[in-house]
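Okay, so chain A shows up in both of these, paired with chain B first and chain C after.
Moving on, here comes the complex of A and B:
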(Lines of atoms letter the chains of each structure in order from A and count residues from 1; the text may use other names and numbers.)
(Lines give C-alpha, C1' and ligand atoms only; values in the text may rest on other atoms or scores of the structure.)
Protein backbone atom coordinates (compact mmCIF):
# COMPACT_ATOMS: atom_id res chain seq x y z
CA UNK A 1 0.00 0.00 0.00
CA UNK A 2 1.10 3.54 -0.70
CA UNK A 3 0.06 6.78 0.83
CA UNK A 4 -1.36 9.35 -1.55
CA UNK A 5 -2.01 13.00 -0.91
CA UNK A 6 -5.10 14.20 -2.70
CA UNK A 7 -6.31 17.77 -3.07
CA UNK A 8 -9.91 18.13 -4.15
CA UNK A 9 -10.78 21.54 -5.56
CA UNK A 10 -14.51 22.24 -5.45
CA UNK A 11 -15.78 25.23 -7.41
CA UNK A 12 -19.23 26.62 -8.22
CA UNK A 13 -20.34 25.50 -11.67
CA UNK A 14 -19.86 27.98 -14.52
CA UNK A 15 -22.76 30.34 -14.90
CA UNK A 16 -23.92 29.80 -11.36
CA UNK A 17 -24.29 32.98 -9.32
CA UNK A 18 -21.43 33.18 -6.81
CA UNK A 19 -22.31 36.07 -4.48
CA UNK A 20 -19.19 35.49 -2.39
CA UNK A 21 -16.95 35.80 -5.44
CA UNK A 22 -18.83 38.93 -6.46
CA UNK A 23 -18.35 40.52 -3.02
CA UNK A 24 -14.61 39.80 -3.17
CA UNK A 25 -14.47 41.30 -6.65
CA UNK A 26 -16.06 44.50 -5.34
CA UNK A 27 -13.57 44.61 -2.47
CA UNK A 28 -10.63 44.18 -4.86
CA UNK A 29 -11.99 46.99 -7.02
CA UNK A 30 -12.31 49.29 -4.03
CA UNK A 31 -8.69 48.51 -3.16
CA UNK A 32 -7.78 49.85 -6.56
CA UNK A 33 -7.06 46.60 -8.40
CA UNK A 34 -8.22 47.24 -11.94
CA UNK A 35 -8.56 44.58 -14.59
CA UNK A 36 -9.67 41.78 -12.30
CA UNK A 37 -12.09 39.53 -14.20
CA UNK A 38 -14.58 37.18 -12.68
CA UNK A 39 -13.80 35.99 -9.13
CA UNK A 40 -15.08 32.59 -8.06
CA UNK A 41 -14.81 31.10 -4.58
CA UNK A 42 -14.61 27.38 -3.96
CA UNK A 43 -12.87 25.21 -1.45
CA UNK A 44 -9.85 22.94 -1.34
CA UNK A 45 -10.06 19.70 0.63
CA UNK A 46 -6.85 17.78 1.29
CA UNK A 47 -6.99 14.07 2.02
CA UNK A 48 -4.51 11.31 2.77
CA UNK A 49 -5.56 8.09 1.09
CA UNK A 50 -3.97 4.67 1.35
CA UNK A 51 -4.30 2.62 -1.81
CA UNK A 52 -2.48 -0.09 -3.75
CA UNK A 53 -2.07 2.05 -6.84
CA UNK A 54 -2.51 5.54 -8.16
CA UNK A 55 -5.54 4.44 -10.17
CA UNK A 56 -7.17 2.96 -7.11
CA UNK A 57 -6.52 6.10 -5.06
CA UNK A 58 -7.98 8.26 -7.82
CA UNK A 59 -11.05 6.05 -8.17
CA UNK A 60 -11.69 6.17 -4.43
CA UNK A 61 -11.35 9.94 -4.16
CA UNK A 62 -13.54 10.38 -7.22
CA UNK A 63 -16.23 8.28 -5.54
CA UNK A 64 -15.92 10.40 -2.38
CA UNK A 65 -16.42 13.52 -4.48
CA UNK A 66 -19.55 12.15 -6.10
CA UNK A 67 -21.03 10.91 -2.82
CA UNK A 68 -20.14 13.72 -0.44
CA UNK A 69 -17.43 16.24 -1.20
CA UNK A 70 -19.13 18.02 -4.10
CA UNK A 71 -22.78 18.63 -4.98
CA UNK A 72 -23.17 17.79 -8.68
CA UNK A 73 -26.12 20.21 -8.96
CA UNK A 74 -24.03 23.26 -8.14
CA UNK A 75 -20.35 22.33 -8.05
CA UNK A 76 -17.54 20.96 -10.18
CA UNK A 77 -14.50 19.26 -8.72
CA UNK A 78 -10.95 18.52 -9.74
CA UNK A 79 -8.63 16.02 -8.07
CA UNK A 80 -4.88 16.46 -7.78
CA UNK A 81 -2.99 13.42 -6.54
CA UNK A 82 0.58 12.87 -5.47
CA UNK A 83 2.23 9.78 -4.02
CA UNK A 84 4.26 10.08 -0.86
CA UNK A 85 7.94 9.28 -1.32
CA UNK A 86 9.10 6.07 0.37
CA UNK A 87 5.67 4.45 0.67
CA UNK A 88 5.70 0.79 1.73
CA UNK A 89 5.88 -1.46 -1.33
CA UNK B 1 -57.77 4.96 25.06
CA UNK B 2 -57.43 6.61 21.71
CA UNK B 3 -54.95 5.68 19.06
CA UNK B 4 -52.91 8.73 18.25
CA UNK B 5 -51.04 9.51 15.10
CA UNK B 6 -47.29 9.45 15.61
CA UNK B 7 -44.97 12.04 14.10
CA UNK B 8 -41.20 11.74 14.41
CA UNK B 9 -39.23 14.98 14.79
CA UNK B 10 -35.62 14.12 13.99
CA UNK B 11 -32.92 15.85 16.00
CA UNK B 12 -29.48 16.17 14.43
CA UNK B 13 -26.51 17.67 16.24
CA UNK B 14 -27.12 21.35 15.57
CA UNK B 15 -30.89 21.19 15.03
CA UNK B 16 -32.52 24.15 16.77
CA UNK B 17 -36.15 24.10 15.61
CA UNK B 18 -36.94 20.57 16.77
CA UNK B 19 -38.76 21.81 19.88
CA UNK B 20 -40.76 24.33 17.84
CA UNK B 21 -41.88 21.53 15.51
CA UNK B 22 -42.68 19.31 18.47
CA UNK B 23 -44.81 22.07 19.97
CA UNK B 24 -46.63 22.76 16.70
CA UNK B 25 -47.95 19.18 16.86
CA UNK B 26 -48.50 19.32 20.64
CA UNK B 27 -51.04 22.11 20.07
CA UNK B 28 -53.17 19.71 18.01
CA UNK B 29 -55.39 16.86 19.10
CA UNK B 30 -54.96 13.29 17.97
CA UNK B 31 -51.23 13.37 17.38
CA UNK B 32 -48.25 12.36 19.45
CA UNK B 33 -44.97 13.96 18.37
CA UNK B 34 -41.78 12.21 19.39
CA UNK B 35 -38.15 13.23 19.20
CA UNK B 36 -35.88 10.85 17.34
CA UNK B 37 -32.12 11.12 17.64
CA UNK B 38 -30.30 11.00 14.32
CA UNK B 39 -28.23 7.97 15.39
CA UNK B 40 -31.32 5.77 15.57
CA UNK B 41 -31.61 3.39 12.65
CA UNK B 42 -35.37 2.75 12.59
CA UNK B 43 -38.40 5.02 12.44
CA UNK B 44 -40.40 2.38 14.21
CA UNK B 45 -43.78 2.73 12.53
CA UNK B 46 -44.37 6.48 12.74
CA UNK B 47 -46.96 8.09 10.47
CA UNK B 48 -44.93 11.13 9.38
CA UNK B 49 -41.42 12.53 9.70
CA UNK B 50 -40.25 16.11 10.21
CA UNK B 51 -36.68 17.22 9.54
CA UNK B 52 -36.46 20.48 11.48
CA UNK B 53 -34.41 23.60 10.93
CA UNK B 54 -31.07 24.44 12.44
CA UNK B 55 -27.44 24.03 11.56
CA UNK B 56 -26.87 20.29 11.48
CA UNK B 57 -23.16 19.57 11.78
CA UNK B 58 -22.50 23.30 11.84
CA UNK B 59 -23.40 23.48 8.13
CA UNK B 60 -19.91 22.09 7.48
CA UNK B 61 -19.03 21.26 3.88
CA UNK B 62 -22.50 22.25 2.60
CA UNK B 63 -25.69 22.78 4.61
CA UNK B 64 -27.31 19.38 5.09
CA UNK B 65 -24.57 17.42 3.34
CA UNK B 66 -23.38 15.54 6.42
CA UNK B 67 -26.75 15.09 8.16
CA UNK B 68 -27.88 13.38 4.99
CA UNK B 69 -25.63 10.43 5.94
CA UNK B 70 -26.88 10.17 9.54
CA UNK B 71 -28.06 6.62 10.31
CA UNK B 72 -31.74 7.60 10.52
CA UNK B 73 -31.70 9.07 7.02
CA UNK B 74 -31.63 5.63 5.43
CA UNK B 75 -34.98 4.93 7.09
CA UNK B 76 -36.29 8.40 6.20
CA UNK B 77 -35.42 7.86 2.53
CA UNK B 78 -37.12 4.45 2.55
CA UNK B 79 -40.18 5.89 4.34
CA UNK B 80 -40.42 8.69 1.77
CA UNK B 81 -40.05 6.35 -1.18
CA UNK B 82 -42.88 4.22 0.23
CA UNK B 83 -45.11 7.31 0.24
CA UNK B 84 -44.79 8.37 3.87
CA UNK B 85 -45.18 12.12 4.42
CA UNK B 86 -41.89 13.91 5.11
CA UNK B 87 -41.68 17.62 5.91
CA UNK B 88 -38.30 19.35 5.76
CA UNK B 89 -38.13 22.91 7.05
CA UNK B 90 -35.14 25.19 6.40
CA UNK B 91 -32.13 22.99 7.17
CA UNK B 92 -34.52 20.06 6.73
CA UNK B 93 -35.18 21.26 3.15
CA UNK B 94 -31.43 21.43 2.56
CA UNK B 95 -31.05 17.87 3.90
CA UNK B 96 -33.85 16.61 1.61
CA UNK B 97 -32.10 18.10 -1.42
CA UNK B 98 -28.74 16.64 -0.41
CA UNK B 99 -30.41 13.26 0.13
CA UNK B 100 -31.87 13.35 -3.38
CA UNK B 101 -35.49 13.25 -2.15
CA UNK B 102 -36.02 16.69 -3.68
CA UNK B 103 -34.31 18.10 -6.78
CA UNK B 104 -32.04 21.14 -6.85
CA UNK B 105 -29.95 22.79 -4.18
CA UNK B 106 -30.01 25.79 -1.86
CA UNK B 107 -27.26 28.30 -2.47
CA UNK B 108 -25.98 31.24 -0.49
CA UNK B 109 -28.57 34.05 -0.37
CA UNK B 110 -27.95 36.39 -3.29
CA UNK B 111 -27.50 39.34 -0.92
CA UNK B 112 -24.95 37.30 1.06
CA UNK B 113 -26.72 38.14 4.31
CA UNK B 114 -28.38 35.82 6.76
CA UNK B 115 -32.03 36.86 6.58
CA UNK B 116 -34.12 36.55 9.73
CA UNK B 117 -37.52 38.22 9.52
CA UNK B 118 -41.11 37.58 8.49
CA UNK B 119 -41.89 37.07 4.81
CA UNK B 120 -45.06 36.56 2.84
CA UNK B 121 -45.53 33.40 0.84
CA UNK B 122 -48.30 32.45 -1.54
CA UNK B 123 -49.87 29.01 -1.56
CA UNK B 124 -49.41 27.81 -5.13
CA UNK B 125 -50.74 24.31 -4.68
CA UNK B 126 -53.37 23.55 -2.02
CA UNK B 127 -53.62 19.99 -3.32
CA UNK B 128 -50.76 18.50 -1.27
CA UNK B 129 -50.99 16.60 2.03
CA UNK B 130 -49.49 19.70 3.68
CA UNK B 131 -51.64 22.46 2.21
CA UNK B 132 -55.23 21.18 1.92
CA UNK B 133 -56.48 23.64 4.55
CA UNK B 134 -55.26 26.63 2.56
CA UNK B 135 -57.03 28.42 -0.28
CA UNK B 136 -55.38 28.71 -3.70
CA UNK B 137 -53.08 31.77 -3.71
CA UNK B 138 -53.69 32.40 -0.01
CA UNK B 139 -50.94 34.63 1.37
CA UNK B 140 -49.26 33.56 4.61
CA UNK B 141 -46.97 35.51 6.89
CA UNK B 142 -44.24 33.28 8.27
CA UNK B 143 -40.65 33.85 9.41
CA UNK B 144 -37.47 32.91 7.59
CA UNK B 145 -34.04 32.53 9.18
CA UNK B 146 -31.40 31.34 6.77
CA UNK B 147 -28.18 32.19 5.00
CA UNK B 148 -28.54 29.58 2.27
CA UNK B 149 -32.07 29.58 0.93
CA UNK B 150 -31.48 30.58 -2.67
CA UNK B 151 -33.20 27.72 -4.51
CA UNK B 152 -31.36 26.63 -7.62
CA UNK B 153 -32.10 23.91 -10.16
CA UNK B 154 -31.39 23.26 -13.82
CA UNK B 155 -33.85 24.94 -16.25
CA UNK B 156 -35.43 21.59 -17.18
CA UNK B 157 -35.98 20.80 -13.49
CA UNK B 158 -37.63 24.19 -12.93
CA UNK B 159 -39.85 23.59 -15.96
CA UNK B 160 -40.88 20.22 -14.55
CA UNK B 161 -41.63 21.76 -11.12
CA UNK B 162 -43.72 24.49 -12.76
CA UNK B 163 -45.58 22.15 -15.09
CA UNK B 164 -46.44 19.57 -12.46
CA UNK B 165 -47.60 22.04 -9.79
CA UNK B 166 -44.73 21.03 -7.56
CA UNK B 167 -43.95 24.59 -6.49
CA UNK B 168 -46.03 24.77 -3.32
CA UNK B 169 -45.02 28.18 -1.94
CA UNK B 170 -43.55 31.32 -3.53
CA UNK B 171 -42.26 34.45 -1.85
CA UNK B 172 -44.56 37.41 -2.55
CA UNK B 173 -45.62 40.84 -1.36
CA UNK B 174 -48.32 41.12 1.37
CA UNK B 175 -50.97 41.34 -1.36
CA UNK B 176 -49.67 38.24 -3.14
CA UNK B 177 -47.70 39.81 -5.97
CA UNK B 178 -44.42 38.24 -7.08
CA UNK B 179 -41.55 40.71 -7.14
CA UNK B 180 -37.78 40.66 -6.86
CA UNK B 181 -38.00 42.88 -3.78
CA UNK B 182 -40.20 40.29 -2.05
CA UNK B 183 -37.75 37.47 -2.83
CA UNK B 184 -35.45 37.42 0.20
CA UNK B 185 -32.69 35.21 -1.16
CA UNK B 186 -32.76 35.20 -4.96
CA UNK B 187 -34.56 31.87 -5.31
CA UNK B 188 -35.32 30.81 -8.87
CA UNK B 189 -38.98 31.39 -9.75
CA UNK B 190 -39.50 32.89 -6.22
CA UNK B 191 -39.52 29.34 -4.85
CA UNK B 192 -40.05 29.01 -1.10
CA UNK B 193 -41.15 25.36 -1.05
CA UNK B 194 -41.49 22.37 -3.38
CA UNK B 195 -42.77 18.80 -3.26
CA UNK B 196 -41.38 15.64 -4.82
CA UNK B 197 -43.04 14.00 -7.80
CA UNK B 198 -45.37 11.89 -5.63
CA UNK B 199 -46.29 14.91 -3.49
CA UNK B 200 -45.47 13.29 -0.13
CA UNK B 201 -42.18 15.09 0.52
CA UNK B 202 -42.30 18.86 1.12
CA UNK B 203 -39.25 21.04 1.57
CA UNK B 204 -39.60 24.72 2.46
CA UNK B 205 -37.28 27.44 3.73
CA UNK B 206 -39.82 29.47 5.79
CA UNK B 207 -40.74 28.26 9.27
CA UNK B 208 -44.46 27.42 9.60
CA UNK B 209 -43.75 25.94 13.06
CA UNK B 210 -42.79 29.40 14.30
CA UNK B 211 -46.20 30.78 13.26
CA UNK B 212 -48.72 28.50 14.92
CA UNK B 213 -50.27 30.62 17.67
CA UNK B 214 -51.12 34.32 18.15
CA UNK B 215 -48.40 34.85 20.75
CA UNK B 216 -45.84 34.13 18.01
CA UNK B 217 -47.21 36.97 15.90
CA UNK B 218 -48.84 34.77 13.27
CA UNK B 219 -50.89 31.60 13.19
CA UNK B 220 -50.63 31.22 9.43
CA UNK B 221 -48.43 28.13 9.73
CA UNK B 222 -50.90 26.14 11.82
CA UNK B 223 -53.09 24.95 8.91
CA UNK B 224 -50.03 23.24 7.40
CA UNK B 225 -49.79 20.93 10.41
CA UNK B 226 -53.58 20.51 10.51
CA UNK B 227 -53.56 19.60 6.80
CA UNK B 228 -50.97 16.93 7.46
CA UNK B 229 -53.07 15.46 10.27
CA UNK B 230 -56.17 15.46 8.02
CA UNK B 231 -54.14 13.54 5.46
CA UNK B 232 -52.82 11.05 8.01
CA UNK B 233 -56.23 10.51 9.57
CA UNK B 234 -57.72 9.80 6.15
CA UNK B 235 -54.90 7.37 5.38
CA UNK B 236 -55.22 5.60 8.74
CA UNK B 237 -58.96 5.54 9.46
CA UNK B 238 -58.56 3.94 12.88
CA UNK B 239 -56.30 6.62 14.25
CA UNK B 240 -58.11 8.95 16.60
CA UNK B 241 -61.03 6.54 17.08
CA UNK B 242 -61.77 5.20 20.51
CA UNK B 243 -60.59 1.67 21.15
CA UNK B 244 -60.59 -0.25 24.40
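Moving on, here comes the complex of A and C:
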Protein backbone atom coordinates (compact mmCIF):
# COMPACT_ATOMS: atom_id res chain seq x y z
CA UNK A 1 0.00 0.00 0.00
CA UNK A 2 1.19 3.48 -0.78
CA UNK A 3 0.13 6.78 0.66
CA UNK A 4 -1.33 9.27 -1.79
CA UNK A 5 -1.83 12.94 -1.20
CA UNK A 6 -4.99 14.23 -2.88
CA UNK A 7 -6.27 17.76 -3.33
CA UNK A 8 -9.91 18.11 -4.30
CA UNK A 9 -11.03 21.45 -5.66
CA UNK A 10 -14.76 21.95 -5.36
CA UNK A 11 -16.13 24.96 -7.23
CA UNK A 12 -19.65 26.32 -7.72
CA UNK A 13 -20.88 25.50 -11.23
CA UNK A 14 -20.57 28.32 -13.77
CA UNK A 15 -23.78 30.31 -13.94
CA UNK A 16 -24.87 29.50 -10.41
CA UNK A 17 -25.00 32.27 -7.83
CA UNK A 18 -22.01 32.47 -5.51
CA UNK A 19 -22.97 34.75 -2.60
CA UNK A 20 -19.58 34.44 -0.88
CA UNK A 21 -17.83 35.46 -4.10
CA UNK A 22 -20.20 38.43 -4.51
CA UNK A 23 -19.51 39.52 -0.92
CA UNK A 24 -15.74 39.38 -1.48
CA UNK A 25 -16.09 41.33 -4.73
CA UNK A 26 -18.08 44.00 -2.95
CA UNK A 27 -15.59 44.17 -0.07
CA UNK A 28 -12.67 44.54 -2.52
CA UNK A 29 -14.46 47.45 -4.19
CA UNK A 30 -15.04 49.07 -0.79
CA UNK A 31 -11.30 48.78 -0.15
CA UNK A 32 -10.65 50.71 -3.37
CA UNK A 33 -9.72 47.86 -5.72
CA UNK A 34 -11.05 48.68 -9.19
CA UNK A 35 -10.78 46.44 -12.19
CA UNK A 36 -11.59 43.25 -10.35
CA UNK A 37 -13.75 40.89 -12.40
CA UNK A 38 -15.81 37.97 -11.25
CA UNK A 39 -14.86 36.40 -7.91
CA UNK A 40 -15.78 32.77 -7.20
CA UNK A 41 -15.12 30.89 -3.99
CA UNK A 42 -14.62 27.17 -3.88
CA UNK A 43 -13.18 24.67 -1.46
CA UNK A 44 -9.77 23.01 -1.56
CA UNK A 45 -9.83 19.78 0.44
CA UNK A 46 -6.55 17.96 1.01
CA UNK A 47 -6.55 14.39 2.22
CA UNK A 48 -4.22 11.43 2.48
CA UNK A 49 -5.40 8.09 1.16
CA UNK A 50 -3.86 4.65 1.32
CA UNK A 51 -4.23 2.59 -1.83
CA UNK A 52 -2.42 -0.13 -3.77
CA UNK A 53 -2.05 1.96 -6.92
CA UNK A 54 -2.55 5.43 -8.28
CA UNK A 55 -5.65 4.32 -10.22
CA UNK A 56 -7.19 2.84 -7.08
CA UNK A 57 -6.47 6.02 -5.10
CA UNK A 58 -8.05 8.15 -7.82
CA UNK A 59 -11.12 5.90 -7.96
CA UNK A 60 -11.58 6.06 -4.18
CA UNK A 61 -11.25 9.84 -4.01
CA UNK A 62 -13.62 10.22 -6.97
CA UNK A 63 -16.18 8.11 -5.14
CA UNK A 64 -15.71 10.21 -1.98
CA UNK A 65 -16.38 13.33 -4.05
CA UNK A 66 -19.60 11.92 -5.46
CA UNK A 67 -20.81 10.62 -2.10
CA UNK A 68 -19.73 13.40 0.25
CA UNK A 69 -17.29 16.10 -0.77
CA UNK A 70 -19.14 17.75 -3.65
CA UNK A 71 -22.78 18.45 -4.37
CA UNK A 72 -23.30 17.05 -7.88
CA UNK A 73 -26.17 19.44 -8.61
CA UNK A 74 -24.40 22.71 -7.79
CA UNK A 75 -20.68 21.98 -7.77
CA UNK A 76 -17.91 20.72 -9.99
CA UNK A 77 -14.81 19.01 -8.64
CA UNK A 78 -11.29 18.30 -9.80
CA UNK A 79 -8.82 15.89 -8.20
CA UNK A 80 -5.05 16.34 -8.08
CA UNK A 81 -3.09 13.33 -6.86
CA UNK A 82 0.53 12.88 -5.88
CA UNK A 83 2.27 9.88 -4.35
CA UNK A 84 4.08 10.30 -1.04
CA UNK A 85 7.71 9.25 -0.93
CA UNK A 86 8.56 6.24 1.20
CA UNK A 87 5.22 4.42 1.14
CA UNK A 88 5.09 0.77 2.20
CA UNK A 89 5.05 -1.22 -1.04
CA UNK B 1 -3.80 46.75 -19.32
CA UNK B 2 -4.07 42.99 -19.36
CA UNK B 3 -6.51 40.71 -17.63
CA UNK B 4 -5.02 38.21 -15.22
CA UNK B 5 -6.72 35.18 -13.79
CA UNK B 6 -5.67 34.50 -10.20
CA UNK B 7 -6.40 31.56 -7.95
CA UNK B 8 -5.76 32.09 -4.25
CA UNK B 9 -5.54 29.01 -2.05
CA UNK B 10 -6.16 29.80 1.59
CA UNK B 11 -5.39 26.96 3.99
CA UNK B 12 -5.48 26.67 7.76
CA UNK B 13 -1.95 26.80 9.19
CA UNK B 14 -0.39 23.43 10.03
CA UNK B 15 -1.02 22.56 13.66
CA UNK B 16 -4.17 24.62 13.99
CA UNK B 17 -7.46 22.87 14.52
CA UNK B 18 -9.58 22.41 11.41
CA UNK B 19 -13.10 21.44 12.56
CA UNK B 20 -14.47 21.16 9.02
CA UNK B 21 -11.66 18.80 8.08
CA UNK B 22 -12.28 16.72 11.21
CA UNK B 23 -15.99 16.51 10.36
CA UNK B 24 -15.24 15.31 6.83
CA UNK B 25 -12.76 12.74 8.14
CA UNK B 26 -15.38 11.43 10.54
CA UNK B 27 -18.04 11.30 7.83
CA UNK B 28 -15.69 9.39 5.51
CA UNK B 29 -15.07 6.83 8.25
CA UNK B 30 -18.82 6.48 8.78
CA UNK B 31 -19.17 5.77 5.07
CA UNK B 32 -16.67 2.93 5.42
CA UNK B 33 -13.52 4.56 4.07
CA UNK B 34 -10.55 3.28 6.04
CA UNK B 35 -6.97 4.40 5.56
CA UNK B 36 -7.80 8.06 5.20
CA UNK B 37 -5.24 10.31 6.86
CA UNK B 38 -5.54 13.91 7.86
CA UNK B 39 -8.18 15.97 6.05
CA UNK B 40 -7.78 19.75 5.82
CA UNK B 41 -10.23 22.14 4.23
CA UNK B 42 -9.18 25.42 2.70
CA UNK B 43 -10.65 27.92 0.29
CA UNK B 44 -9.87 28.35 -3.40
CA UNK B 45 -10.78 31.87 -4.50
CA UNK B 46 -10.60 32.68 -8.21
CA UNK B 47 -10.66 36.27 -9.37
CA UNK B 48 -9.90 38.32 -12.46
CA UNK B 49 -7.65 41.35 -12.07
CA UNK B 50 -6.68 44.07 -14.52
CA UNK B 51 -3.06 45.16 -14.30
CA UNK B 52 -0.29 46.55 -16.51
CA UNK B 53 2.07 43.65 -15.85
CA UNK B 54 2.27 40.26 -14.22
CA UNK B 55 4.29 41.69 -11.33
CA UNK B 56 1.70 44.38 -10.71
CA UNK B 57 -1.13 41.83 -10.78
CA UNK B 58 0.73 39.62 -8.30
CA UNK B 59 1.42 42.55 -5.98
CA UNK B 60 -2.24 43.59 -6.03
CA UNK B 61 -3.55 40.12 -5.30
CA UNK B 62 -0.98 39.66 -2.55
CA UNK B 63 -2.18 42.89 -0.94
CA UNK B 64 -5.80 41.71 -1.24
CA UNK B 65 -4.84 38.51 0.55
CA UNK B 66 -3.21 40.38 3.41
CA UNK B 67 -6.06 42.87 3.74
CA UNK B 68 -9.10 40.68 3.17
CA UNK B 69 -8.85 37.18 1.74
CA UNK B 70 -6.71 35.44 4.36
CA UNK B 71 -6.39 35.72 8.11
CA UNK B 72 -2.65 36.16 8.69
CA UNK B 73 -2.83 34.66 12.18
CA UNK B 74 -4.55 31.40 11.31
CA UNK B 75 -4.18 30.90 7.56
CA UNK B 76 -1.54 30.59 4.87
CA UNK B 77 -2.14 31.57 1.27
CA UNK B 78 -0.65 30.82 -2.13
CA UNK B 79 -1.32 32.69 -5.36
CA UNK B 80 -1.38 31.14 -8.85
CA UNK B 81 -1.53 33.63 -11.70
CA UNK B 82 -2.16 33.22 -15.42
CA UNK B 83 -2.59 35.84 -18.11
CA UNK B 84 -5.77 35.83 -20.16
CA UNK B 85 -5.43 35.72 -23.94
CA UNK B 86 -6.53 38.82 -25.84
CA UNK B 87 -6.08 41.47 -23.15
CA UNK B 88 -6.09 45.13 -24.16
CA UNK B 89 -2.43 46.15 -24.30
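By our rule, the second predicted complex is superposed on the first by the 89 of 89 C-alpha atoms of A that agree within 3 Å, B and C clash if a C-alpha of one lies under 4 Å from a C-alpha of the other, contacts with A are read in each partner's own complex, and residues count from 1 in each chain.
In this text, a residue touches a chain if its C-beta (ideal position, glycine included) is under 8 Å from a C-beta of that chain, and two chains touch if they have at least 3 such contacts.
Bear in mind the structure is a predicted one, so any value in this text is a computation, not a measurement.
With both structures placed on the common chain, the touch criterion links A:19 to chain B but leaves chain C unconnected.
If you count the residues of chain A touched by chain B and by chain C, you find the higher number for C.
Contacts of A:68 after superposition on the shared chain: both chain B and chain C are touched.
Overlap of the chain B and chain C interfaces on chain A: residues 68-69. Across the interface of their complex, chain B is touched by residues 16-17, 19-20, 23, 68-69, 71, 73-74 of chain A. Per the touch definition, chain B reaches chain A in the complex via residues 61-62, 65-66, 69, 97-98, 103-105, 107-112, 150, 152-154, 186. For chain C in complex with chain A, the touching residues are 1, 3, 9, 11, 21, 24-25, 27-28, 31, 33-51, 60, 64, 67-69.
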